[in-house]
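So, here come the structures, one by one.
In what follows, chain A forms one complex with chain B and a second complex with chain C.
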Partner chain A sequence: MAAKNPQAANPAFYALLVALIFMSVGPIFLMLATSFKLNVDIMSDSSALFFFPTIRNYETALCDMLWYEVEHVRRCDPTFGRALVNSLIVATVSTALTLVIGCMAAYALVRFRFMGRDTVSMTTLMMRMVPPAVLLVPVFGIWTFQYGIDGTRFGLILIYTAMNLPFVIWILQSFIVQVPIQLEEAARMDGANPFQTFFLVVLPLIKPGLAAAAIFTFRVAWNEFLLGNALADRNSRTVPVTIVNSLTEYDIDWGVIMATGMLLAIPPIIFTFVASRQIITGMTAGAVKG
Partner chain B sequence: MLANANRLTPYLFLAPAILILAVALMYPVGYMIWASFLDWNPSQRIAEADFVGLRNYTNLFSDAAFLESLGVTLRFAAVVVTVEMVLGVGLALLLDRQLRGMTILRTVFILPMMIAPIVVGLMWRYMYHPTVGILNRTLKSMGLDPVPWLSDGGWAFTSVVIADVWQWTPFIFILSLAALQSLPKSAMEAARIDGATGWQLIFYIKLPLMMPVLIVTALLRLIDAFKVLEVILVMTNGGPGLSTEILALRISRTASEFRELGYAAAMSNLLLILLMVLTLAMFFYGKIMDARAARIRAEAEEAV
Partner chain C sequence: MPEIVFDSVEKSYGPTRVLEPFDLHLADSEFTVLVGPSGCGKSTTLRILAGLETLSGGEITFDGNPISHLDPKARDIAMVFQDYALYPHMNIAKNMSFALRLKKVAKSEIDERVQRTADLLNIGHLLDRKPAELSGGQRQRVAMGRAMVRDAGTFLFDEPLSNLDAKLRAKMRTELAEMRNTIDKNMVYVTHDQVEAMTLGDRIVVMANGVIQQQGTPEDLFKSPVNKFVAGFIGSPTMNFLDGDLTDVGGTMTVAGDGFSLPLSDALAARLRTHGGKAVTLGLRPSSITLEETAGAAIDLRVIVAEYLGAQSVLVTRCGTEDVLVEANSATPIAPGTIRTFGVLTDELMVFDRTSGLRI
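After this line comes the complex of A and B, so read on.
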């Protein structure tokens, strides 16, 4: 296509490109700008672009985590700071768990022929589409009455790991298939046992796949609201839950809420810019190998 | 001994995954199916709940609010997937050329999908705000009447659709662009030599060749559209009235506000069946395409 298109530099295409970039970044930029505004600036009719930026909203949200006293905050509300710590712990631990367990399972499904293999891979496929809304009632019931782990970080980690596992297993399969089996056979000849072969030979080769899987898993655990809301108590609330809780019908403190939203959005934004290639590979593998 | 260890190896690799899936995913799903036959509220243990047979299900189909929310869900999914497919594929066909800046576009296009749905809802709720929102401000500065984005039933549905289109059109764009760029160059060359115009090229060569990927993409998107919850929760919380109350939201409200867990479980079950059908459709479509590709390959080899 490209070779046949010497007129590709048509300015209309660049205009379209710029418009699309503007449209997808615009709302995010607007949120960023609002998070640096005082409420008077948000409410005023003057232009949205000229204002005196302030980090007050961030100070209000993070007041108990700062090393200095914030004088404009009369009563410090530690909810958000605590939620940020919870979110970080829950998302990181469940991502690590999911990856380790998921790639072991994916390896077994790709490289071994054994009884029950088809059942396992069919089950993971079916479990892939179970949405949080469907899990809401049973997980609430079981976590509260049977496991007794409601209101703990462990409870959240367990359900997020389980929710992400089918997807991770399935996406890593497509990466493990591409590892030349001769490498594994060579390792086996040199006397490595299956676990050594897996951890020392296969894992280093599927790093891009692991990166993609890690990002998708982290994203789900970091962003999830519904189950977090049902399971967490005051001390184990995650950031999405606190944000929704602070949304009231009237009189929303837009500046502070946008600052918290921005803090929630920062890790995924960083991942996007650092690893966009892996993300796209992961997404494409998802559709092509449906 | 060695043979024995070998036979156990796959099970050792699988054990942790199977344990977690069984404890935290399969058991809950089975539990939910059982709960859908119970009259159960959150203060009871499940053993204390009364068995009511199919009553929850029969009630569902005479429950106007549920039917309304089912209708909203189906309408939302249909509209959103159609609009996003047309826009996404259209843009991919248009921008399938060597432009500087394509990498930036692709990176930036992932952003809406990566950030939390809660935050997406927040951003749009702010933009739709009747007085401080940028949309009504822009309308006002152009001398037009403000639009009741989220406070009028019809508009609220449109607003929710717009937010979803903003968030997910890039997904379809990226996938169809990848599909386009992996099409065999020879087919395109041949058509061009035969004198096909740009439009003919698109409708008779590109789209048919992309079709398998497009169908899978549409199905993936459809499955996701039935799962949407947080964006709408933050923007409208299902209102005004029931105009944007999609099924996932209805389930969550039935469980937490009306405290009828059995009834919510029955709804969850229906949603699950719906998603299961779509997933199976996708799975078997993939199988059929694989089989067809294998057959064509075999025939080609025979011909040689």
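After this line comes the complex of A and C, so read on.
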């Protein structure tokens, strides 16, 4: 009997699938495994898969944030804990700022008629096309010599917000366009002022767009390295910068780096799960006759 | 309820004029229907009244107070939109109470008013649902309830029934007619359906090309339309128009054209003598043509199709090259393709000037 579905029956198809899975999950698994090893196990030549798991690396990374005294740590280095806090603050605040400013800007661009509207709309996107590396030097100069906000979380928040705004404005525009204008007119007839119309009627309807934009913005702010490396100082460093800076020529503590890497991966995952639940289609179903 | 007066109101979008300057007087607690074909400016008029569009000239007054500079919310107006415009993220109760909540009305009063209005419209059991879970007719009721619950002085309806199927539309029309009698408010209703206009309106305003053609009671419009457009728009099936020339046949004024020659009644003839024009268009209501050859003047028509509607049939016939609709009792069988003599009630004929379209 001939195979009903030749594609599914082909072993090469599965082999390719397995290879792809292995390639994408492999490094993460390796990182996870390494983060639970002692340095002795990491450096030894014996099999990588059999070891005695330990949470020591995590304890070391978070030593100043734990409620108990960690025995094996002689001198608690607060770098990683501090970096995690920095990352959380910078990413969350810049995401929130971007969304607040972005949704209002997008609404204005979609609904209000003013001179140069299309130009403004296009320019926002063009800003996005400039690679961060190009921005690096001027931003560093301005942040340092003009405003003196280098080495602060605020400086990072500011540049991340500026970097993400164009994309957020762009993506939210397409969502706002889909909100039927009759809904806003109905709200006006019901006695809503422009702000009430925006916050009570439009904003709830573009929730999926806000969620998508939030995921994107959070991820970019969380992972950003280049500008973070240039602008942050010892106290305001984010996790990616800290990890790279802990690779020194004298000592590389792989266990702690891997543990930090795992910790670094958790917040975006949680954030994405929470935010993606808001991405449901058909928000405007039932508003107007289709 | 305010007395609404439009004083030479006009509207242009850039160089395009969509509403010629017009005056309109809507008396207290009157049900006014703006009716006309698509693009005639009736919706624009309504939106200007609502405050969703600005006017380009003139003024609207409510009881003598100019309101054209006011926001919609300051005009004490509620509006029902053509495609409902329900807030999809709120349930029905929240939809209906939106305006009241914005006005910071006490919660207990909101609940009471929403429940009362919902019961009135038979949607009391749907209050917890979202608009997406409702059928078209139910959404329409909610849209109406949302306007009614506010207890505004003036209600605007922008083609509220046009998205419903025929049966539901007839039902809602009846309910609206019933509501009109119980609610003591100004109502302005926009529609392109002359049946809705005729059944609902105390006063009908017929518009075309941004100009008010005629306004009056349904009976006025049906019996004495001022021009060919109004005559053709009001009435169902629509009026037949036959081009012809005025001639004097042995002392009787007669209109003769391609395939017909109809004498005019004395009253009409008297008016036409003073008019003097030759080229006219004759208007015959389908109901003025009967199967009895002896009633009034005779006309020969070739029957093309007989549309059976039950007790009545509409016969599509041809006179020369023009189609002529005839409303006939279905009891008399008529085979398509035959040529038959019909009787025309000459008292009900209307004559229009062919160039200006005005009724003579």
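As a convention for this text, the second predicted complex is superposed on the first by the 246 of 290 C-alpha atoms of A that agree within 3 Å, B and C clash if a C-alpha of one lies under 4 Å from a C-alpha of the other, contacts with A are read in each partner's own complex, and residues count from 1 in each chain.
Everything that follows uses one rule, which is that a residue touches a chain if its C-beta (ideal position, glycine included) is under 8 Å from a C-beta of that chain, and two chains touch if they have at least 3 such contacts.
This structure is a prediction, so every number in the text was calculated from the model and none was measured.
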Partner chain(s) touched by A:Ile159 [first = chain B, second = chain C, both, neither]: first
First (chain B), second (chain C), both or neither touched by A:Pro204: second
First, second, both or neither for A:Ile257, with chain B first and chain C second: first
Which of chain B and chain C A:Phe225 touches, first, second, both or neither: first
Chain C versus chain B, contacts on chain A by residue: B
Touched partner set for A:Val25, first chain B, second chain C, both or neither: first
Contacts of A:Thr248 with chain B and chain C, given as first, second, both or neither: neither
Partner chain(s) touched by A:Thr119 [first = chain B, second = chain C, both, neither]: neither
Chain A residues contacted in one complex by chain B, in the other by chain C: 283-284, 286-289
Residue ranges of chain B in contact with chain A within the complex: 6-7, 9-11, 13-14, 16-18, 20-21, 23-29, 31-32, 35, 42, 45-46, 91, 94-99, 101-112, 114-119, 122-124, 126-127, 131-132, 134, 137, 166, 170-171, 174-175, 178-179, 188, 192, 213, 216-217, 219-220, 223, 226-227, 229-230, 233-234, 247-249, 251-252, 255-256, 261, 264-265, 268-269, 271-272, 275-276, 278-279, 282-283, 285-286
Chain A contact footprint on chain C (complex, rising order): 50-52, 71-73, 77-79, 81-89, 98-99, 102-103, 130-134, 136, 139, 146, 150, 163
In the complex, chain A residues that touch chain C: 180, 182-183, 185-193, 196, 200-201, 204-205, 282-289
Chain B-touching residues of chain A, taken from the complex the two chains share: 1-2, 4-5, 8, 13-14, 16-18, 20-21, 23-25, 27-28, 30-31, 34, 42-43, 45, 48, 100-102, 104-105, 107-109, 112, 114, 117, 120, 123-142, 145, 158-159, 161-163, 165-166, 169, 194, 198, 219, 222-223, 225-226, 230, 240, 243-244, 247, 254, 257-258, 261, 264-265, 268-269, 271-273, 276, 279-280, 283-284, 286-290
